[in-house]
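Paired with chain B in one complex and with chain C in the other, chain A is shared by the two complexes that follow.
Moving on to the complex of A and B:
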């Protein structure tokens, strides 16, 4: 357990020192600031613009951050041969992956939380309702947990593929997860032969559906939020993360360093 | 520096061309057709494509499309260049915004007010606003605009009535909408429903002063009409034809007395149409 904790600390420390991660964070802040500025333009809809574009920025940057950090950490440690030293000690390979993943997850959660607070407080200060929209934290949470699922996919790919391919595949997986419902339409379509339909069916049932956590419109338009849906989808995503991590452990265990 | 010379020259040329075109547009040097072509923002992709690319943040894409459309319309309206509006772009952007974020109130409002003005896009406007009426159940104004568009542009009184009914049942609906709804119901001969709408309006605290008095007069008139209509129906059922005058209803015992209109005095019967005039 101490080994896992050490890797978590290392990930947190690296996030503060690495220029790539700091650059990403700076871009995320810049994007959110632009969204907030756009909200203050004289076109009205201050709160809606700030929340919609601000949280879109949170979604995009937490995703990029999670994918890059999961892939980059592992490959950099492999290339710099740090892992040889690490695994010469009584440390399991899964300790390393788990520690790195949790460290990345904490970074992603902190980033999403800070950006969410900035957006919510700006909305309260510049908005017309005068209320602090705490429920919008759910959007930050949504962005973070979906980024973590994609991050877990990235980690699985990174255990046996090159950096570039892993990143591209992880983004593709996120793209598929965000559009899984299309596969349901393809299954119903008569254009495709039987075997492709089987493939579509497998993808439809196996891949997590990011649109299931549909809370953006209710939060932004101040409708009733389905907290139960948020809870159940969170459980589903956490299960996916666990399964993906187990897959990553299994692949990394058999890999030659 | 030599390497970058070509780049700098290209950027400079692009700047000069775009500024020249802009000046050409504002000074009216370019023809209307060329202006229209140049002034137009790039076309909006279909909602299906945008939904696919949005990665679940459909609302953010809808908002960006809206922020893309709004300055375009604003600039044209402010400079009184409405004739230059590319209605196809306007309609497709609006449809995209509504398809991506069905709770986007302002898009429905613009659809009901601006898009309906172009006869070619009236049906699209009615379709989009109908969705807004269905989704935004706390808003009375969308149903009101929809009713107005059906009545004024489409000349469809039945649909207008449908939406006036909806508008009059929505919260915070102002008195004049109820009045219009009642007027259309009276025109259609649906007096009892008109009475219900007006009575509901009187019960609400928002109706005051002259409106309250006007509604009371209208209700009394409608109740008289309902009474006489029933008597006329009974007369027609027994004798197979309409009476010559309303006094015949009293003579044959269908009415105790002919009621008086609260402000205009006597009612009269048009024996040709069977309508009661006042």
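Moving on to the complex of A and C:
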């Protein structure tokens, strides 16, 4: 466990010092600030627009951050060959991957949390209802957990593919997870040959479906939130993350350094 | 202390398989500085990677003391300094040492104490709290060496420790290696810089195209080589000529030269160093 903790600490420290990661965070803050400013335009429904745009920004940037950090941490350590030094010590390869993933996950959660607070407090200050919309934290949580699933996909790809392809494929997986229902339509369509339908079926049943956590409207329009669904889908996503991590461990174990 | 027996390693390069190590065998004795010498691409780093368990090999066996090289205990008695500093550049020198100490499961008090000791040992006491990315190459190499010595290892493996260092950095590194030898550590050092072998190694193996083609003691080889003499002859119509000759063959050479009209200009001890010897061995092997 010492080794895993050491890599978690390393990821947290690096996120604070790496100019690239700091740049990404700064850009995320800027994006959310712009979204909030846009929300304040005199169109009415200030709170709703601010929450919508603000949390869209949180979703985009937590996703970019999770994917980029998972791929870059591993590839940078491989290219700089610091992993030679690391694995010359009594450390298992999965200790390294797990520690790095958890460290990145904590960074993503902190980023989502801070951005969510900024959005919620801005909405309270500039909004009309005078209420602090704490339930909107669920949107930050949703963004973070979905980013972590995509981050886990990115880590799997990064264990055997180049940086660019890993990032592209991870974003593709995020898009597929967010639009799995399309594959159900494709299966039903008669246009496609049999083998493609099998492929679509596999994607439809195997890939996690991000729609189950679609709580945006109920949160923003203050309708009843299905907390049970949020909990169940969280468990499903965590299971996916565990499976993806096991896949990453298995591939990385056989990789030539 | 280290026994390498018949290690064979193939790499896949596209569809081709390249044999990087072709049955390498060698022994490093306890307390000696052993040089693994050879040109670039000879297989030195691959052999070290095999030794450290960083890569798998098809055939052969590597033992560190009585232990198999892959055993956790073997990794706790070994320290490794990779070619060029391989530490985290976004951390300070001290943070790097503390990170690697935690990978060695050292407790917090012990690792803090050891870190301070090592920063002093490698001359980075003042720079210990600066980020490694601000270090010079020599400083990076020294923090990397401190990392290798964290667990006070019995065996230290140094991969090209002097590569890219300025003359002052080289002298400092040679001194550190000598200090480690005095402390009784067993050192395996890979290098392609021959003067480094002469400066610090007790024995060495010459590795070429994945094979050990020579193994011997440095002092003994230098002495044997010094028994040669370089005789310079001059002849009016043919100019100057230089001949390498053994002491016992010198008189005969003088006789032959005189008969052919050559004058002896000088006779000097022919210590061309290991460099020349390596060149000859590699050339012989190529033929």
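To be clear about the criterion, the second predicted complex is superposed on the first by the 257 of 257 C-alpha atoms of A that agree within 3 Å, B and C clash if a C-alpha of one lies under 4 Å from a C-alpha of the other, contacts with A are read in each partner's own complex, and residues count from 1 in each chain.
As a convention for this text, contacts are C-beta pairs under 8 Å (C-beta built on N, C-alpha and C of every residue); 3 or more make two chains touch, one makes a residue touch a chain.
Everything quoted here is computed from the prediction, not taken from an experiment.
After overlaying the two complexes on the shared chain, residue contacts for A:55 are found with chain B alone; chain C is out of touch. Contact with chain C, but none with chain B, is seen for A:6 once the two complexes are overlaid on the shared chain.
In the superposed pair of complexes, A:182 makes contact with chain B only, with no contact to chain C.
Using the contact criterion defined above for the overlaid structures, shared-chain residue A:18 touches chain C, although it does not reach chain B.
Judged by the touch definition given at the top, the superposed model places A:232 against neither chain B nor chain C.
Judged by the touch definition given at the top, the superposed model places A:86 against chain C, while chain B stays out of reach. In the superposition on chain A, the residues of chain A contacted by chain B and by chain C do not overlap at all.
Looking at the complex, you find that chain B touches chain A at residues 51-52, 54-60, 62-64, 66-67, 70-71, 74, 101-103, 106. Residue ranges of chain C in contact with chain A, taken from their complex: 11, 49, 52-55, 72, 75-76, 78, 80, 82, 84, 86-91, 95, 99-100, 102-105, 131, 144, 147, 157.
If you check the complex, the residues on chain A that touch chain B are 38, 43-45, 48-49, 52-53, 55-56, 59-60, 146, 174-175, 178-179, 182, 210-211, 216-217, 220-221, 223. Taken in their complex, chain A has these residues touching chain C: 2-3, 5-6, 9-10, 13-14, 17-18, 80-82, 84-91, 256-257.
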